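Consider the two complexes below, in which chain A is the common component and chain B and chain C are the respective partners.
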Partner chain A sequence: MAGAIDLKDIFFVEAEELLSALEEGLRAIQTGAQEADTVNAVFRAVHSIKGGAGAFDLKPLVNFAHRFETVLDALRGGQLQPEPALLGALLHASDHLADMIGASRNGSETDPELDERVILALEAQAGMGGHKEEEAFVFEPLALDGPFGMDLSALPLASLQRKVVLTFRPHSGAFASGHDPAFLLRDLCGTDEVEIELDQTALPAPGGFDPGQSYLGWTITLQTERSDRELLAVFDFIEGNCDLHLEAEMETPPDPDGTLPEPNRAPSPVVTASAPVTPPPKPVAAPKAPDAPAATSPQPAASASAASTGPRPTIRVDIDRVDRLVDILGELVIHQAMLTEAIEQSPGFGSVEVDRSLDQLRQLSRQIQESVMAIRAQPVKPLFDRMHRIVREASMAAGKSARLVTEGENTEVDKTIIERLADPLTHMIRNSVDHGLEKPARRDEIGKPTEGVVKLSAAHRSGRIVITVQDDGGGIDRDKVRQIAIEKGLVPPNAELSPQEIDALLFLPGFSTATEVSALSGRGVGMDVVRSEIAGLGGRVGIASVRGQGTTLTISLPLTLAVLDGMVFEAAGQTLVLPVSTIIETLRPDIMMRHTLGRTDSVLDVRGRCLPLIDVGAALGFRRTLKPGEGEIVVVVERGDDGAIALMVDGIRDQRQVVIKGLEANYGQIPGIAAATVLGDGSVALIVDPSDLEAIGPNPPRPNVFLAAE
Partner chain B sequence: MSLRILAIDDSLTMREMLRQTLTEAGFDVVLAEDGIDGLTQLPDVAPDLILTDLNMPNMDGFGLIEAVRAGDVAPRVPILVLTTESAATLKERARQAGATGWITKPFDEHSLVSTIRRVAAV
Partner chain C sequence: MRSSGFATDPDIRELVAFRTAGQDFCIDILSVREIRGWSRPALLPHAPSYVQGVINLRGAVVPILDLAGRLGLEPIEDKDRNVIIVAAIQNRTVGLLVEAVTDILGVPASGIQPTPDLASEATRSMLRGVVVQDSRLIRLLDVAQLLPPADDAAA
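Moving on to the complex of A and B:
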C-alpha cells in the first residue's frame, strides 16, 4: 500500500502526543490535581497506542500496552486505588512505553526481558498476576470475510452443489439496529440459484401497521456449494435479533477454497417467483420501511458536508516545506535589499511613488516573515513535559526527592530552536537535581521540605525567549568552586574574583563540582557544553545563585534563527552587523569620558557607569591601532544578564533586516562572530556577537579571517 | 453514487487509515474525532453507514449509538463498531445499544470493506 509509511509516521506522531497525555494524566493523579475524566484519558491513551501498534503489528508494544491497559482499567473501575507506590510503577511503565515506542520508531526493539520486568513490576504492584490473565490478547481480526467480495465466479465442482433451505424471520425490532433484510437476502443469494418464499402472515391489518416494525419472514431455498458456516455468516450481525433455521439436504461440503474452480459460468442471481405471493424482496422492503437507510441518503445537505469534514480547520504540513519557505523568504529579504539599493542609486530616485512602493514592499516582506515564523512557532509544552521524566530519573539515581514545576508552557518558540534545546535543557535539569538540590535528610535538617523543587519556566521578554531553570537547593558554594578552579589551573591562585565571576567558572570547559562524580551528570560533559549549544542558537546562558536558597540558570534566545534586525556599521574598513536587540544606545563620546586601565584596557564613563571599551576592529583582528577619525562612534550593547560594553566603531550605515547565514557549516566558529549575512550590494558582512567580543578582549590574537567582501 | 461512510475514531492514525482504506475502496468518507463530533456532523453527512470506535473522549461509542438510535436524523442507519475490544460483554452492550455489527481492530482492509459492503449492501 502506497500510504503505509505515511500512516506509520502519523502513528508515531500521535503516539508521542498520547504519551505526553498519559504522563501528564498520571502526574495529575499523583499530585491530586486530576479531574473527573483524567483516569479515562490515561486509559484511552494506552488503549489508542495499543490500537495503533496493533495496526502495524508491533507485537511487543501491543502486549505491553495491553497489560498496562488492564491495570489502568482496574484503576478506572475503582478496583485499584491510586496509591503512591502504584503510581510510581505506572509512571515507570509509561516511561518504558515511551522507550519502546522510541525504539520501534527507529526500527528496533527494547530488550524483551526488560519489557517483561517493567510490566511484571506494575502487575505485582497492582496485585495482578501477569499470567493469570484469562486470555492472551489476540491480534487476529475477526473472520468476517465470508463469500462476499471474494471470487465467486470461480465456482467449485457442480457435484458439490446441494440444496439448503433457510428460514429467516427478523424480530420485530430488527430495523432499529440498522438491519435491512433486503440486503441480507441479497448477500445470502450471492450468485447461487435460489427460490425465495415470502411469509407475510404476520402482517397486521392496515390500521395497525407500524413501518418501524418487521412483520415478514422468508424461506430461502438455495442450490449452493457454500458451507453452512459461510451461509450463516451472512447473519452474523443480526444473530439474536432474528429467528434463523437452516436445513441442508446434504452434509456441509469442504470449504470451496481447496477445490478446483470451474471455468466461468457467467452466473447471475436467479430469483424465481415460485408462487404468486412471492415478490422479490426489494419491493417489499421499500414500502414497509420507508426510512430505512437506503432511503435516507439523498439529502440536500450532502454536497455541503463534503467541504466541512472536520470542525477544526488545521492541516499538518511537512516541516521541510516550511523550512523551504523560510529559505525562500531569506532570499526575498536579500533581493529586496538589493533592489532598494539599486533604486536608491539610480538617477530617477526620489519619486514619491517609488519610495512608497519600496516602503510597502519592505512592510509586506516583514509581514510574510512574521507569518512564516508563526507557522514554525510551537509551544514549549512538549519539551517541558519531557523534563518531568528527567527529574524523576535524576532524583531516583541521586537518592533525592524532587518535583518539577513548569510555567509558561504555552510560550511559542521556533520549532528548530525547540528541537535543539532538548539536550542542553536536559543537562541543566539533571545538574539542578544532581548538584543543586540537597539530599532529603539534609533538607530536613535545615528546615526545608524534603522534596526539592525544580522550576522550569519560559517567557517572551523584549524580543527574546527567556527560559529559566531554578532550584531551591543550597546555591553555589563559591569557596569550593574557586578552590576547584584553582586546583584545576583554570584561574591563578591569587585571582580576585567577584561572586559573578566565580559563578561563571562553572561554564569553563572541564569544570565539575560534584565531589562524587555521579553517573548522571557524568564526567567531562559540563555546563560548558550547554553554553556552547545555546551559543549555537544565538543565545546566552546566565547563572545566579543565593547561598542556601538555590540557583537559577537563565537561557536567553532569539525568537528565530532565520532573520534578525541588524545595525550595519563600519570598522577598520569592514562592513559588520550588530543585532539591534542588543543595542542600548549609540553615542559620540568626549575624550574626557574615556579612562585608561593599565597599559591597554580602557573604560568609558557613560553617565557615571564605567563600561569596558572595546575597539571592534581590533578585537576582530582587522587593525592594531586607531587612526584619526576612526573609532569615534561608540555603540553601547548589552551582554549577558546585567552588564553592558561600549564598542568603538568607525561609522554607522543603517538599520535593516538581515538574513542569518550560519558560518559553522561552511567555515567554522569564529570568536566574536555569530554568523554572516548577504547585504543589498551582494557583499558578505559578518554579524558580531557582542557578548563574545568582550571575552576576546581588546588585544586578541589576530584571527585568521579573510572576508569575501574585500 | 458512492456509499457515504461516517467514520468516528479519536485516534488520528486510525482515522487516517480508515480514510485511505475506505477511499481506495471507492467509498465517500467523512471523519469525526469522537461521539459528539460524529453526532454534530451526522445531519450534514447523512451517511449510509457509521463506523465507530468505542473508547473515545467526550462521548464514547455506546453513547453515540444510543444517541443516533434515539435521534430522528438517521435512527436506522447501520452502525458498525470498530474496536480493539473483543470481550463478549462489551459486544453484548453494543448490541443492546443498537449496533448493527462488530469488527475487531486491527482490521484487515479486505474484510473491513467486504463487511461494510455486506451491511450497507452496495
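Moving on to the complex of A and C:
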C-alpha cells in the first residue's frame, strides 16, 4: 500500500496547486477578466480535483466538486453571468473545497452538513436546485474499488450511438507515476459495448524483459454515445505519458461545453490528445519502440486550456534533500576558508598555480551556492494568494468590506522564509482588517469608499526583501494606545513618548487595543508574536501610521537564511562580521571630523552629513566608549529605511562568504546581533545587525531570552 | 565495562561527577553529550558574567556557562586546564565549564537524599538532591534549572 500512499500525497500536492489556480481564476473573473481561458482554467481545476478525489474514493469531495463543477459549467456555457453574488458564493465554495481537501489530507472529513450548506448556497445563487443530479458522474468509476460506471441507460437515448476507435499506448513513464492501464480501460468502457484488442508486438524476447518498460498497447472499439471529450477525459491524468489516438466513425455529438480547443473539429473526426503524432491505428503493424516518443514528447496539448500556468519542465524534490545540500554547502564554505588559511601560512603559498586553483575553487563554490539558493528561492505568490482568503474571512467576520491588493508577487524568497512567514503575515493581515479598517458606515461618513483596501507587497531592497502590509484605514489612535499602555502598566503614566515610540508599544507583549475582543484578533498575543517570529528569521518589523489615512507595517528580511557576504572585522579584541550588503563605505576619519554631542554621544561629519558614530566594541558591551581620536577605522552602514550610521571598528580583516548559524536554538536573541558564523579557523564570530546596534548603546534596554527568568 | 545487570537496573542512576569551585557536583549521564577541552569562545554582548561566550561544536553554535559562576560560587580562573561538559538541556545544547570530571557513579535512587534545608534558596533551587559517597558530598544538579524556561511565546 506504500505506493498508494505516495500517490495520495501527490494528489494532495497537486490539489493544492489546483486550488490556488482555482482561486486565482475566480479572482481574475471577479476583476472583470472575461476570457474563456480563465473560466476554463477554473472549471478544469475543479474537474481535476474531482477526478483525483474519485481515484482515492473520497466520496464527499467528489460529490462536492461535482456539484461545484456543474455550476462552473453553466458559467462556462454562458447560462450564468459572473455576478458579484455568484462569485462570492463560488469563492466561498472554493474555500470550502480547500478545507475539505485539507481535512482529507489529515484523514478526517469536514462536517457533511456544512458541505451541503455551502454547495446548496452556491446552487441557490446559481439558480439551480440540484436538478442536474442525475447527470452521470463521469469520474465515479475511477474509484479504485468503487462501483464501475453509472447507469447510462437512465439517460434519454436521444443521443446517437456511434463507433469510436481509440488506440492507447502508455509510455514507460506512465508506470513510474503509478498509472495502471487496467483501471483506465475499465473506466473507459463503462457500460458501453466494447471490443479491446491487445497489441503485444513490442514485447521483447523473454530474456530481455524489463518490468519497468511499457510494451503493450490497446485498440479499443466502443459503441458509445459519449462525446470525444468525455472519452478523452478518462485519460486526463496520464496525458503526456501515453500515445492516445481517437478516431470516431462519425462526428462527435454537439458538445455543450466545448472546453477542449479543437481547431479541427469540423469534418475531420480525428482528435489527437497527446502531442506525438501516432500513425493511424493499425493494431497488427509493429509499432515503434514504446518509450521512444516519451523522450521527445512535448507538454500535453490539452494543457493549452490552462495556458496561464506556463508549462515548463519541473521536478518535485523533497525539501529535506535541498536542505541537506545547503548544510553540506555550508560546511564546504567553512572548509574552503580553512584550506585557504592553511595554505596562506604554508611555505607553498605565493605560487601562481596554488593561487589560481584557490581562486577557481572560490568561484566554483560561490556558483554552487547561487544555484542551490536559486533552487530554494520561490516566488511569494502562493503565500500572497493564501492571504486573499484571510482578508475575505476576516472582513466577513468583522462586518467590514475589504479587498486585498497584491504587488510584487514574483519576488523570490528562500522557501524556509516563505513557510515561516505565513503565520505572522496572516496575523498582520487580520489585524489590518480587524483593527486598521473602519466599519463601512464610518468610511462612508468620512468620504472613503466603503470597501477598504489592504495592500500587500514584496520587493527586493539592498540585499533584503521588504514586505509591506498597508491598509487605508484610520491609522493608529496614538492617544488611545498611550492610554492603554499606561492602564496596562506597560509605561509609566508620566512617560514622554514620541509618536514612533507610541507606535512601537503595539509590539509589546500583552498589548491589545481592541476594546472588544473579537474572534480574529484582540487576544493580546498579536504583534509581539509577529515581531519575535520575524526576528527569528533575522528580520525586523516596522510600523508607520498616518491618522485617518492608514497604517503600514513593514517586514524586512534577509534573502536567505544560509549564507551571506560578510566583512570580517575586529572590535575590542573580538572578531565580528558585518553583512556587506549594509555597508556604504569605509573610511579612516581624522579627528576633525568627529564631534561630541552631550556627554558621550558623538557624530561623524562625512562630507557635510552628520552621522551618529557608534563604537561597536562599546555598543556590544565589550569595552568602554573610546575617547575621540582613538578609533581606527569607520564603516558607514545603512540602517533600515533611509539613514546611515558610522560604526567605529578596530580593524578590517577580510571579506568572505559566511555561513549563518542561528543563536536562537541554544541561546536566544541578542540585541544588535543577527546570528553567528564559523570562521576558517573553526572559531565562532558574531554577525552584527547594524540597524539594531544603534538602539542599544552601552546599556541594553532589553534582556536576552536566555536570562529572561532571572 | 560494567556488567549488564548494573547498567540496566532501573533503580540505578548513572551520574557524571565533576568538581568546580572546590565542590563536587554530578548530573545525569543521559544529559551529557560529550566532554571536551577548553577552547576560546566568542564573547556574547550583554551576557551575564557566567556566560563565557559561544563555541563552534561541529557546526553548531553552543553557549558556554561557567557553572561555578552560575551557582553563585567563585568563577573559574584558569580556564585552559578545565573542561567543558556539553549537555543537552531541554532541546538546547549548552557547554558547562567545570574544573575537572572526577568519576562516573552508579547510585540507587535510595542513595539520593533531599537537599538539606541549610542551603540557600538560590543554590537549593538548582539541586535535585545530594549523594554521599566515600565521605564526599556530591550535589545532584537539576540541569533544567540552569537555564530559564525556553521562551514559549514564539511557539
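Things to note:
As a working rule, the second predicted complex is superposed on the first by the 417 of 710 C-alpha atoms of A that agree within 3 Å, B and C clash if a C-alpha of one lies under 4 Å from a C-alpha of the other, contacts with A are read in each partner's own complex, and residues count from 1 in each chain.
Basically, a contact is a pair of C-beta atoms (placed from the backbone, for glycine too) under 8 Å apart; a residue touches a chain by one contact, two chains touch by 3 or more.
All values derive from a computational prediction rather than experimental measurement.
Once chain A of one complex is fitted onto chain A of the other, the partner contacts of A:37 are limited to chain B, with no touch recorded for chain C. Residue contacts after overlaying the shared chain place A:54 against chain B, while chain C stays out of touching range.
Using the contact criterion defined above for the overlaid structures, shared-chain residue A:168 touches neither chain B nor chain C, since it reaches no partner. Shared-chain residue A:64: touches no atom of chain B or chain C.
Once the two complexes are overlaid on the shared chain, A:683 sits against chain C while remaining clear of chain B.
Shared-chain residue A:661: touches chain C; no touch with chain B. Using the contact criterion defined above for the overlaid structures, shared-chain residue A:218 touches neither chain B nor chain C, since it reaches no partner.
Looking at the shared chain after the overlay, A:528 reaches chain C, while chain B stays out of its contact range.
When chain B and chain C are set side by side, the one touching more residues of chain A is B. Common to the chain B-facing and chain C-facing surfaces of chain A is no residue whatsoever.
Those residues of chain A that touch chain C in the complex are listed here as 327, 330-331, 334, 509, 525, 528-529, 532-533, 536, 574-575, 619-622, 661-663, 665-668, 670-673, 676, 678, 682-686, 696, 700, 704-710. Against chain A, in their complex, chain B makes its touches with residues 1, 4, 10-14, 16-17, 20, 28, 30-33, 37, 40-41, 43-46, 48-49, 55-57, 69, 74-79, 84, 86, 95, 98-111, 113-115, 117-121. Chain C contributes residues 39-48, 51, 53-56, 59-63, 92-94, 147-149, 151, 153-154 to its touches with chain A in the complex. Interface residues of chain A, counted against chain B in their complex, comprise 1, 3, 6-7, 10-11, 13-14, 37, 40-41, 43-44, 47-48, 50-52, 54-55, 57, 138-146, 148-150, 175-180, 182-183, 186-187, 234, 236-237, 240-241, 289, 291-294, 296-297, 299, 301-302, 304-306, 308-311.
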